[in-house]
Amino acid sequence: MKTIHLIKPDFLNLKMDSPLVLASGILGLTASSMARVIRFGAGAVTSKSFNLEWRKGHRNPSIIPFEHGLLNAVGLSNPGVDEMVKEIRLFRQKSEAPIFASIFGRTIEEFAEVAKRAAEARPHLIEVNVSCPNVRSEFGTPFGDSPQDTAQITRLVKKAAGDIPVSVKLGPHGPGIGLMARVCEENGADAITAINTAGPGMLIDIRVRKPVLSNKTGGISGPAILPIAVKSVYEVYENVRIPIIATGGVTHWQDAVQMLLAGATLIGVGTAVYYEGMEVFGKINKGIEGYMRENGFSALKELRGLAHE
Amino acid sequence: MKTIHLIKPDFLNLKMDSPLVLASGILGLTASSMARVIRFGAGAVTSKSFNLEWRKGHRNPSIIPFEHGLLNAVGLSNPGVDEMVKEIRLFRQKSEAPIFASIFGRTIEEFAEVAKRAAEARPHLIEVNVSCPNVRSEFGTPFGDSPQDTAQITRLVKKAAGDIPVSVKLGPHGPGIGLMARVCEENGADAITAINTAGPGMLIDIRVRKPVLSNKTGGISGPAILPIAVKSVYEVYENVRIPIIATGGVTHWQDAVQMLLAGATLIGVGTAVYYEGMEVFGKINKGIEGYMRENGFSALKELRGLAHE
Amino acid sequence: MQTFPIQKIIEHGPGVKSFYFPKTFDVRAGQFVNLWLPGVDEKPFSVSAVMGDWIEISVKRYGPFTTALMECREGDYLGLRGPFGRGFTLQNNALLIGGGIGIAPLRLLAQELNVRGLRFVSLLGAATAYEIIFARDFQKQSVCYFTTDDGSMGKKGLVTDDLVDIIAKEKIEYIYAAGPEIMFVKTKELIDPLGLPYEFCMERYMKCGIGICGQCVLDDSGLRLCVEGPVLNRDDLKEVTELGLLHRDASGRRV
Amino acid sequence: MQTFPIQKIIEHGPGVKSFYFPKTFDVRAGQFVNLWLPGVDEKPFSVSAVMGDWIEISVKRYGPFTTALMECREGDYLGLRGPFGRGFTLQNNALLIGGGIGIAPLRLLAQELNVRGLRFVSLLGAATAYEIIFARDFQKQSVCYFTTDDGSMGKKGLVTDDLVDIIAKEKIEYIYAAGPEIMFVKTKELIDPLGLPYEFCMERYMKCGIGICGQCVLDDSGLRLCVEGPVLNRDDLKEVTELGLLHRDASGRRV
C-alpha cells in the first residue's frame, strides 16, 4: 500500500498511513491475519477481545448474514491473554502499523488484570470492550450500561495500562452514549470507540421454526447500523474532547466521510470485509482521498466534526 | 379483499379478516386514508398518534429513506384530539374493521386526558405510545424508558379508557423490553405493541456536510430493524401472557411468519408500504395463508410462539 | 438523499426563477421532486423541463422556503430526490390550462406532446406578463391564449374567462390543468357539463413524498397525492370531496 | 440462512453417508457449504457431487455433529448456506490423491475434469473398503489405485506409499490432494523434490465461513481458508508454516 499523505490521521501521536482501523473481532486472532489486513491498506488493527482464560464462545451458527448486515453471537471466544500477548508481540515484529489490544473481563477486577498483562506486549492502545451484547446470559447486563461500572473499569484499566493509552468501546444503546463518553473521559480515557454492535437482534427460520443463532440473539453489524453509528459518533463528539474511533456499518468511502464529519478521528471497519472483501481498506482510502482533493481539504482534521457547524 | 378464513386472528374478540394492522404514523391521519388501507387487505388500522393540542412537528426533511430502511423524525405532528375523534368516528361509519387510536401525552396526566377524550370515539383499542424517540429534545427521555412512568401511564389510561382495551407500545431499547412488558401487564394492559422505531440514527450529507433530517436524528424503521423487532417480540412473549402486536420491519410474508413464530397475535405493517406499495397487505396475507396450507396449520394461534419450543 | 449543485439560474422577473440541476433520472411531465434547502426545509416542485443532461425547476416566491430559494446561487448544493408521483397521460387535441406557476408542469407536458406529434392549444394566465414563464416556447409549439390580471400580456382577466369558447373554437377533446385550486374549481364547473375528460395537476402540503405519512391524502378517496397523484383524472376526482375546500397543514389539521 | 429438506440419503457403510439437497446455486469442486443442524451446530462440508437438481454431501462420523447428522432422515430440514471458498483449477494429466472422507471433494473434481475431457488418475485410500466412497464411479472415469488400512480394497497400506512410482508411471503433471493433514505433509515431502505443481483441499475449524472471524486463518500467510481456500496451491502453501502442526480450536487456541 502506497502511503497517501492526505489521509494520515492525527491520533495520539501514532504513525498511521490511513485512518482506517480493523475493528475488534474481525480477522484479529493472529499476527499473520492482522498483518495481512495492514497490507490491504488499514492504518492500524485491533485484536479480537480477550480476557484471562481462553473461552470457546457460543456454538455455531454464531455469525449469520441477513439482507442488511450480520448478526453475530460469537460469545467472546478467545485464546486467552497468554496466547494473545504472543500474537501482539509477533505483530509488532511483522508490521510497523499500530496494534490496539481489545480486552474484556468477566469482573471489574479482571479488566485491570488483563490490561496489565496485555500491556506487557506493548500494544499502541488498549481498547476496553465494556459493551459486548452477546454474553448477557452469562455475565448479565454489559458493564457499559452502568456509568458507575464503566467509570471504575476505566480508572482501573488506565492505571494498569501505564503509559499505554486507553480507549473505551461503547455500545449504541444503554443510558445515553454521550453521557457514557463523558464518564470515560472524566475517568482518564484517551479515546472513545463507538460503537459496538447494535440491537441485539434475532432471526427465526420459518421451516425449522427456531432462532438461527445458537445463542438465539446476536449483535447487529454492517450497513443496517450505519445511521445508529453516525448518530452515536455525533453525540459523543458533542460531549467529549478526546478522539473518537468511529465504528459501525462503514462499508463505502462515503460512510467513512460521514463519520469524519460527525467527529471521527479514526474509522473502524469490520463487517465491510464481508461485503467488499479485503480490498475494502484500499477502496475507502482512495475514496476519502478523492473527496478531500475534490473539496479542497489538505488534512483529515479539517473535516472533523464539520457537520456540527 | 376476499375473506380468507385461515388467517382470521383471535385478538381480544375483535372481528378481523387478517392479522395485519396498519402501524401508527403511516397513512393514519384521516378516515378516508385508513379505509383505503383496509380495502387493500389490512385487518385493522392504527391512527396517527395524537395528543390534546395539534402539533406541527419537525420541519422537513422529516422522513428520509436510506438503503436499508427509513429514518423519520416527524415529531409527533398531529391535528389534536378533537380532529382525530372526528376521523375515528368517520372511519367507524365507513368500515367494519377495527380501529386502534394511538395516543400520547407530553405529561403523564395528558395521557389520561387524551385517552378519555379518545374513548368518546369508541375505537376498538387505545394504543399508548410511550416510546417515540423523536421528541427527546422537547420532552426529554421517553416515558417508555422508565418502568415507574410506564406503570403509572398504563394505570391511568386503563382507567380513562373504561371498557376499551389498551395496548402499550414499547421501544426496543431502554431497560429491557421484557421487563417493561411485564410492568404493563401488571398494571392492566390488555396487549403490547412491540416495537416503535429503533436507533435513533442520523445521516449526514457529505456535500452539504449537515445532518439531513431537520431534527438531525430520527427513528429507524423498515427492513434494517426486522431482527431487532423479532428479538423484542420473542422476549415480550417470554415475559407476558397478553397478546402482542408485533411491529417493525415486516416487509414480506416470511417476516410476518417469523413474528408469529416469535409470539405475535397481530402484526403491524408500516414502512413496507413504501417498499411494496399498498398491495403489501394482500401479498403478506396470501403468503401467510400459503405457508399455513403448506405446513398443515389450520389457525394462526397454532403458529404462535412455536420458535420458543 | 442526494445533493446536487445548481447548474444555472434564470430570472423571469421579481420572485420567479428557473433552476437547473443535473439529470440523474428519467421523469415524466406532472411528476415532481423534493428540493431540500439545508437548514431551511424540503418542499415538492414539479419538473418544468428536461434539457439534455439537466432538469429544470421553476419557482415562484411565496413563503419562507421559496424566499430562501430565491437567494441561492449557481453552484450551491441542494438536496433533490424523486421523481415522485404519476405524470400526465398524453392525449391529442388537448387544451393546457395553466395558472401562475402552475404553468411549470405544463411546460414539460408541452415538450412531451410535441415530441409525440400530438396537437395541443395553450391557455395560460398569471398576475403579470413575466409570470407566464417561457411564453415564447409555448408559442412555438402551439396556438396560445394568454391572460394577465394587469393586462400586461394577452387579455386582461382570469384564465377561465373564455375557456368554453376556446374549447369550442379549437375543437378541444381533452383538458390538462395546473394552477391554484380555485382555478380547478372554476374549470371543473365549466367543463363537467361538456363531458370532456381531464387531468389536474394538484398541490397539497407534503411530508414524505413516498406515500407513507398520509399528509397528502385526499378526502374522500383516500388517494395519496404524492403517489397516486399529483395528476388526478376525472374518475379520481369524482371521489375527491375536498377540492377547493380546506387542506391539511403540517399538523394534519384542516386550515 | 435458508433451510432445505434432505431429499435422499445413501449409506456407504457404518458412519459414512451421502446426503442430497436441492441445488439452489452453482458450485465448483473444492467449494464447501455450511450445514446447520438446528439445536446442534453448524459445520463446513465439501460438495461431493452435483446430480441434476441436487447437490450431494458426503460425511463420515467423527464427533457430535456428524453423529447427529447420521441420525437425520429424508425430509428433515437442515440449514445450508454457501457455496464458500475457491475451488480447484482444472488441469490435464492430474493425479487425484484422496484420503478417507477427503475423497468427497475429489468426486466433484473428477466429474468436472471428465466433462472437460481432461485426463486424470485416481489414488484413493481409506481405513476400509466402504470408506472409499463411489469407488466405482472413479473407476468408470479414470485409472484407479486404491489403498486401505485393512487391505479390504486395493493395496494394504497408506495412500502415499506408492505415490512417486505412480506419478512416474502415469506421467502425472499435476497433483490434487484432499484428506487428513498428515497426508498433505507426506505428499508434500514426496512431490516437492519432483517440482510438480499441486493443490490441496484443506480443513480448519471454521466459524463464519465468510472471511471475517479469523478462525480459519493460516500462519504465516494470513490467508483465510474459507475465502482464499479451502483449496490452496503450491505458492499459497509456501507461506503456510502451520501445515501438519497445531490448529486452532473454537477459542482460537492452538491445540
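By written order: A, B, C and D. Residues from 1 in each chain.
Assume a residue touches a chain if its C-beta (ideal position, glycine included) is under 8 Å from a C-beta of that chain, and two chains touch if they have at least 3 such contacts.
Note that the coordinates shown come from a computational prediction; the quantities given were computed from them, not determined experimentally.
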Hop distance check: subunit A to subunit C, minimum number of steps through touching chains?
2
Among the chains here, which has the CA centroid at the largest distance from subunit A's centroid?
C
With chain centres defined as C-alpha means, what is the inter-centre distance between subunit B and subunit C in Å?
36
Between subunit A and subunit B, centroid-to-centroid distance (C-alpha), Å
34
Which integer distance in Å separates the CA centroid of subunit C from that of subunit D?
67
Could you list the positions in subunit A whose residues touch two or more of the other chains?
203, 210
Tell me the shape of the graph of touching chains, choosing from line, ring, star, complete and other.
line
What chain pairs are in touch here?
A-B, A-D, B-C
Per the touch rule above, subunit B residues touching subunit A in the complex are 66-69, 71, 172-173, 198-204, 206, 209-211, 216-217, 220, 223-228, 230-231, 234, 254, 257-258, 261-262, 291, 306-307, 309
Please output the residues of subunit C touching subunit B within their complex, sorted ascending.
1, 3, 34, 36, 38-43, 77, 79, 207-208, 210-215, 217-224, 248-254
Would you tell me which residues of subunit B are touching subunit C in their complex?
25-30, 32-37, 39, 48, 54-57, 59-65, 70, 74, 77-80, 83, 203, 205, 207-208, 210, 212, 214, 270-271, 273-274, 277-278
